[in-house]
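In this document, chain identifiers A, B, C and D correspond to the written order of the chains, with residue numbering beginning at 1 in each.
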Amino acid sequence: MESLQSKAKELIKDASVAVIIGYAAGTKKGKTKPFFAYSEEDCEKLIFTPECVNNLTIYLTRKFDFMKKGKVAIVAKGCDIKTINVLIQENQLKRDDVVILGVSCEGVVDKDVILDRAELTADLPEDKKSIKCITCDVNTPSDFDHLFGEGVESKAIEPMTGGIYDEVDKVRGMAQGEKWNFWMEHFERCIKCYACKKVCPLCYCDVCITEKNQPQWIETSAHERGNYAWNIKRAMDLSGRCTFCGECDRVCPAEIPLNLLNQEMAKLNYEAFDGYRAGYQTEEKPPFVSFKEDDDEGFIR
Amino acid sequence: MKIPYYPGCTLNTNAKDLQECAEFSAEALGFSMVEMPDWNCCGASLPLTANSAMGYAGPTNVLIGAKEEGQKEGLEDKLVTLCAVCYNVLKRTNYAFNKDAAKLDTINSLLESDYKGDTNVVHFLEVLRDDIGFDKVKESVSKELKGLKVAPYYGCFLLRPHEEVGLDDPYAPTIFEGLLKSLGCEVVDFSHKGECCGSYSAMSNAENAAECSFSVIDAAAAAGADVIATTCPLCQYNLDSKQAMMKKNHGDMKEMPIIYFTQLLSMALGKDIGKISFKSNSINPLPLLKEKGLV
Amino acid sequence: MSEEKVENKEVWTPRIIAYVCNWCTYGGADLAGTSRKTYDASVRVIKLPCTGRIDPLFLLKAFERGADSILVSGCHPGDCHYNTGNYHSRRRWTAFRDLLEFSGIDMRRIHFSWISAAEAVKWVDVVNDVSEKTKELGPYTEFQRINEKIKEYDGIFAEQG
Amino acid sequence: MSRVGVFVCHCGTNISATVDVAKVAEEMKNQPGVVYTEDYKFMCSSPGQGKLKEIIDEHKLDSVVIAACSPHMHEKTFRNAAEAAGLNSFKVEMANIREQCSWVHPDKAEGTVKSLDLTKKMIEKVRLNEELDKIVMPVTKKALVIGGGIAGIQAALDIAAAGTEVIIVEKDVTLGGHMIQLSETFPTLDCSQCIMTPKMVEASLNPNITIYTYAEVEALDGYVGNFRARIRRKAKSVVEEDCTGCGICQEKCPKKVDNPFEMGHGKSKAIAVPFPQAVPNVPVIDRDSCIYYKTGKCRICEKVCGPKCIDFDQQDEIVNVDIGAIVVATGYDTMPLDRFGEYGYGKYKDVIDGLTFERMASAAGFTEGEMKRPSDGKTPETVVFIQCVGSRDESKGVSYCSKICCMYSAKQTMLYKHKVHHGKAHVFYMDIRAGGKNYEEFVRRAIEEDDANYIRGRVSRVYEKGDKLIVKGADTLSGRPVTIEADMVVLATAMTARKGADKLAQTLGISYDRYNFFSESHPKLRPVETNTAGIFLAGACQAPKDVPETVAQASAAASKVLGLLSQETLKREPITAEVNEANCIACFDCLNICPYGAITSKGITDRDGNIIKEVAEVNPGVCQGCGLCNAACRSKTIELRGFKDNQIYAEINSLAV
C-alpha cells in the first residue's frame, strides 16, 4: 500500500489531480470508508484491503461535485472500472478527466462478514467473499493509469454461470405463482427509502422518475403495487447497463435481493443480444440503443 | 456405420436379387443395412389421402419401428429404403405429421404410440451421396462400367411432390447421374427421366401403362441410351416386362434392358457377374454387357 | 354477499388493453372495421405513433389498473414508418418480457404481434385469440388482490383520520 | 377545469345501429371537465361541422372529443373545423367508435360499453392536450424522379412543362426502360420505338430536366418539401460532356459481350450504348468485361476517340440534391424462370420468354425483326404461347395476375402471324383478361383474323424430341389431353417487383407489399401517394400495369408533385419531441436511438459563455414524431408532443376497472 500512498502523494504534489478518491480505515471494526485525499498528509491514510467493498465511482457522477474540482484520481477495483466504462459510454465521464489507480483484488468481504485482523492478511475464503466476487473475471483491472498490488491472474470463468447466476437460475426455475409470491414477499418489505437509487453510480438522473408526479408512474406509497413498479422500473433502466457492483443489494435495509433482478437482466442481455456484457468496453453501443435486423422475435406473432 | 433398413414388400420377395446387390454394395462401401424386425407394408397400396387414418397407420408403424430398433441396437438415427415408393410414402407421412400436429395425435392415439414425426428417412442413393460420397464410391469401383450408355430414370416417386420429398430438383435432378458417373458409365440425358412409367394403371389399364412406359423407353433410345437404370423396383418391372406389349403397337421398337441401380453398382464394385441374378430382368442385359466388354 | 360474487363472475368480461402503432396495426384494425369483420369486444386500443413510443411503464400501469391481458402490436420488421422503431422496441420487449416473467407476471397475459395495415384478418385472429385465452384464464387477480388490500388500508387510514 | 365538448356521431346508422349513441352522449355528461355533449346524425357533414363550430363558440369549449369514425378518416376534418372556430386544432381528439367498435361488434350492449370506454379515454387525453402550433417549413421547388422508363419520363415531362426543375435518376446507361425494348404495343400495334424515342429526346432537350443515367439514389434525408438525396453517379469511364456519340469506340472495341438489352441474344461491346437511339447517346465501359481493366492493355477506344473523352480513371461521383418531392417510377422485372423446370426454359434454346420474343419481333432486334428461332435460325412453323407462367400460381409463383400477359400474348400471336403467314400460333390460357379500351376486340382479332388457336388449359411438360418441342397440356374445355409439336415456345412470364425494390423502399422510407411492390397510401382514393408525404408512385413499381395506365399514373403523380411544389411553405404537424433542458443529463440514449438524427448535443452556457452543461436538442424540422426517444429516456426528460406521458397515463387510467 505504500506505493499507492506514494503515487497518491506524487499526484497531489505535482497537482496532477485535485483530489484522490480512495478508502480509509473505518470507525467500526471490519469496515472501511470512502476517503477524499486533498493533501499529501491525507494520502497516508489511503488503504486498500478486502474490506474496501464500496464502489467509489459514484463520486465521479453528477451526484457529487468532485469532477468540477478538476482532474480526479480514484482507487478502483476491476469491478469498479466496469462502472467507469459505462459512465464513459453514457457521456457522463471523459476518460482523460480521471486518473485510475487500479488495484488488484482477489475479492472483498460479504456485507454480513466482519473479518479478524489475522484474516485480513490471509487469503479470503470463498464463503466470506461478496457474491459478486465469485463470478469476477476482472481481478486485475483491464484499464488503469497505475496498477497496485500483486498482479492477480483474472479467473477464466464461463460468463453468467455460478455465484449469483445460480441463484438467478433457481428463480428462473420457479413456477409463475411461486415467483410472484417470492418477489411479493420481498417487495412487501420495501420502505421506498431509495437507498438503492442513491448508492447506484448509474442512477445519476438529476430528476428521477420517482420525483415526478405528472404523471405519477411510480406511486409514492410503500405498498406492493408501488414497490413492484419501482423495483421493476429500476431493473429495466439498469438492463444492459448494470455492472454488478452489488451496492444496491448491499445497502438495502429491507434486504431485498436486488442483485437477483439486476443479474437476471445482465444474463438476459448476454443471452439475447450477442453476449453483451456491460462495462467491458466503451465503444459498442448498449443493447437498448442498437439492434440487429435478425434479433430473435420468437415471442412475437 | 449400421443403418436400419426397410426392405418393403417388393424387394423382399419378387425383387430379392436387387436387394442382394444392394447388400453386397453396402458391404463393399463399408456400411451395413440392418433389416428391421417385424416390419409391415409401407402402405403404398393405401394412398395418403387427406382423411385416411389407415393410410398413415402403416407407414407410421414402420417409422416407429426404425426409431426403436435404431435406439435399441445403437444404429444410425435414420431409416434407409431401396424402393422409391416406400421412400415416398414414408417421407410424406413425416411431412404430413410435421404440417398437421392433429393428424399425428390421431395416429398416435390409434397406435398407442408417442411418435414425433422425426424418423429421418433416406433413400439408398442419399446414403451414397451424403454419407459415403460419390468420390469414395468412385475410389471403391473395381470395374468401371466404361462405354455403357445409361439413361437414369427416376420415375415420379423419388422426386415428387418436391416440397414433401425434397430429394432433388424435380426437373433437373443430379443425384442418380452423380452415382452413375462415379461408376464410369456414360450418362445419357433424356427428356423423360421424371415421367410416370404408368404403374398406377398397370392393373386397370395395362395398355395405357405400356404406352407410358414406351414413351420413356422411346425417349431414352432417341437420346442414345443402351440401357435404362431405375431406382424403383416397380418402374423396373413396368418398363421391363411390358416391352412385349409395347411391340404390338410399336413394331419398330428395339428392346432395351432395364437395370436396377443396385445391379449396376454391385457390378462396378466387383460382384461377380455370374453371381448377379438377372431373374428380375425380363430383357436379359447380359448380351449387351458382353457386347460392351463388361462381362 | 356470496350471491353477489357469483353474479359478478357471470358478468365478468376481460379487460384487454392493446398498445398499437398508428401506421400498421391501428390501420389493420381500421381495415377489419371497413371489412366488417367481427371480433371480441373486450379490447381497448391505445394508439401511439410507433411501437417505439411504447414504454414498459405503460404495460406496468395497465396491469396495476386492472388489465387482464395486454396486447402490444406494431409494424412488421422492415415496415416501420419510422424505419427502425420496431427493431428498437423489439429489443426493449425482449428484455421487459424477461423481467416480467422473472418477477412472476403471468406471461399468458401479455402478447406481442406484428400486424400490418393490410392484415385485418390477423388483427381479428389475434384479438380473438387473446380474448379467448384471457377468458379461459379468468380475471388477473394478482394485482387485483393487492389493489383490494390497498383499498382496505386506505379505509383504515381514513377512519383513523 | 377544462371545458370539454363531446359529440357522438351516428354516422347514419353505421354507428347508431350497434351503439346506443344517445346513452354515450348522456353518460359523458358526468365526466369531469365535460360541459356539453350531443349525439348527431352526421358529424362530418357540413351542418355537423357547422354545429361543432357553433357549440365551441357558444359554450366556450376548450377541448373537443368527436366519437365517430377512425381518426385516419376524419381527424383532419374536425381539427380544421375546430380551428375555424378559433380552437387550437390539437385540442380535438376522436374516439374511434365506428371502425373499431360499431362495425366489428354486432352486440349493441357490448358496443355501447366499449364506446363509453373509448370516449371517456379520449376525454381524459384531450384534457391534457397542449395547444400546439403547426410547424411551417420552406419548400424546395425541385423534384426528383427515380427511374427513366416511360413512367419516369412522362412524370418528368409533365413536371418540367409547368416550369419546375426535375432530376431523373436512371440506373441503366440510357433512358427508355422496358418500353423501349418492346417491338409493337397493344392494342394499336404501333411501334414502341416510334412513340418512345421522341419522348426520350424531348426529356433530354428540356432545360428543366437534368438526367443522371447510370446512377442510383443511395440515401434520402429530410421530409416533405425538404428532401436531400444522395445520388451515386457510377463511373462511365467516358466524359459525358465531351462525348459526341460518334460511336467509333464501340465499332473499334475488340471485346464482344452479351447484350442484356437483347435478352442475351445479340452481341454488344465492352464500350457501348445498348441501342443506337440511346439517350444520352454516350457509351459506357463495362469494367467487368473491358480488356484494359482486366489486363492493363488495349486502350483502343482511347486511341480512336476524337474528342478524347475516354477516362479510365474516372471515379464514381456523389451528387447531393435538394428536392421537395419525389416520384418513384422504378418499373418491374420479370420472374426468374429457373423454378419452372416443366417448361424447359434454359434447357431448350427455343423456349423463350415474352421479352425475348419482343426483341425477336423488333425490326431493330437481334434477328432484325425476322422470326428465327434461337437454336438453328429456322423459321418456326408452329409456336406455342403459354400464359400465366408464374402468375396466378400460389405454389410456385405469385398469386396475383400480371395483367398485361393476355394482351401481349395476343399481340405476339399477331406479330408472328404477320411475319410467318403459314405459321400457326397456339395459346394456352387460364382466362382471357382483356378489360380495357379496345382490348377485347384486339384479342378477338388475334383469334378470328390471325387464326390464333386458343386452348383453355395448362401445360404440364415441354420436352425436346428431335428438333421439335413437344408441348403436353390439357384442353379443359373438351377435357382431353393435348400434345403439340412446336418449333418454339414463348412463356408469358409473371411481372415482379424490381430486384432490390425492398431495399429502395427502406432507403426512401416508403412501404411495400409482400411482393415488394410499393404500397399506395389508399388503394382507391390515394393510389398515387405513398404513406410518406412528398413521395409519389408511377407505373409498374406499384403493381403490374400496361403502358396507358402507367402513363396516366405518371401524369397523376406529376400533378401531385406540382400541387405540392406550388406552395410557398408547408405546414407540418407539430408532433415532435421536446427536451426539458433543466432535467436533461445528456446520457444521449435519445441521440443514439433516433432514426432520423434529429437529436444533437447542445451546450448550455452561463452568462460568460462558458459551457456549464450539455443537453439533448431536437431539430423539429427533422423530427418525425415516432417517440422512440421518449420511451428510451429513463427520467422522461424528452417527451413527444401530443403523446406525452401524462396523456397516455390518463388514457390508461381512464380504463381502470
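The rule is simple: a residue touches a chain if its C-beta (ideal position, glycine included) is under 8 Å from a C-beta of that chain, and two chains touch if they have at least 3 such contacts.
Fair warning: this is a prediction, and the values are worked out from it, not measured in the lab.
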item: Comparison of B-D and C-D by number of C-beta pairs in contact, larger one; value: C-D
item: Inter-centroid spacing, subunit D versus subunit A (mean Cα positions, whole Å); value: 52
item: Whole-Å gap between the CA centroids of subunit C and subunit D; value: 34
item: Centre-of-Cα separation between subunit B and subunit A, whole angstrom; value: 67
item: Shared interface positions of subunit D, touching two or more other chains; value: 593, 632, 645, 649
item: Overlap residues in subunit B, where contacts from two or more other chains coincide; value: none
item: Sequence positions of subunit A contacting 2 or more other chains; value: 217, 288-290
item: All pairs of touching chains, each written as two labels joined by a dash; value: A-C, A-D, B-D, C-D
item: Subunit D-touching residues of subunit A, taken from the complex the two chains share; value: 62, 90-92, 204-209, 212, 214-215, 217, 237, 285, 288-290
item: Subunit C - residues contacting subunit A, complex; value: 56-57, 60-61, 64, 77-78, 84, 87-88, 90-107, 111-114, 126, 142-143, 146-147, 149-150, 153
item: Subunit B-facing residues of subunit D, complex; value: 341-342, 344, 347, 461, 463-466, 470
item: Of all residues in subunit C, those that touch subunit D in their complex; value: 13, 15, 17, 23, 26-27, 29-30, 32-34, 36-39, 41, 44-50, 52-58, 61-62, 65-67, 78-79, 81-85, 88-89, 92, 118, 124
item: Complex contact set, residues of subunit D against subunit A; value: 582-583, 585-589, 592-593, 614, 632, 634-637, 645-646, 649-650
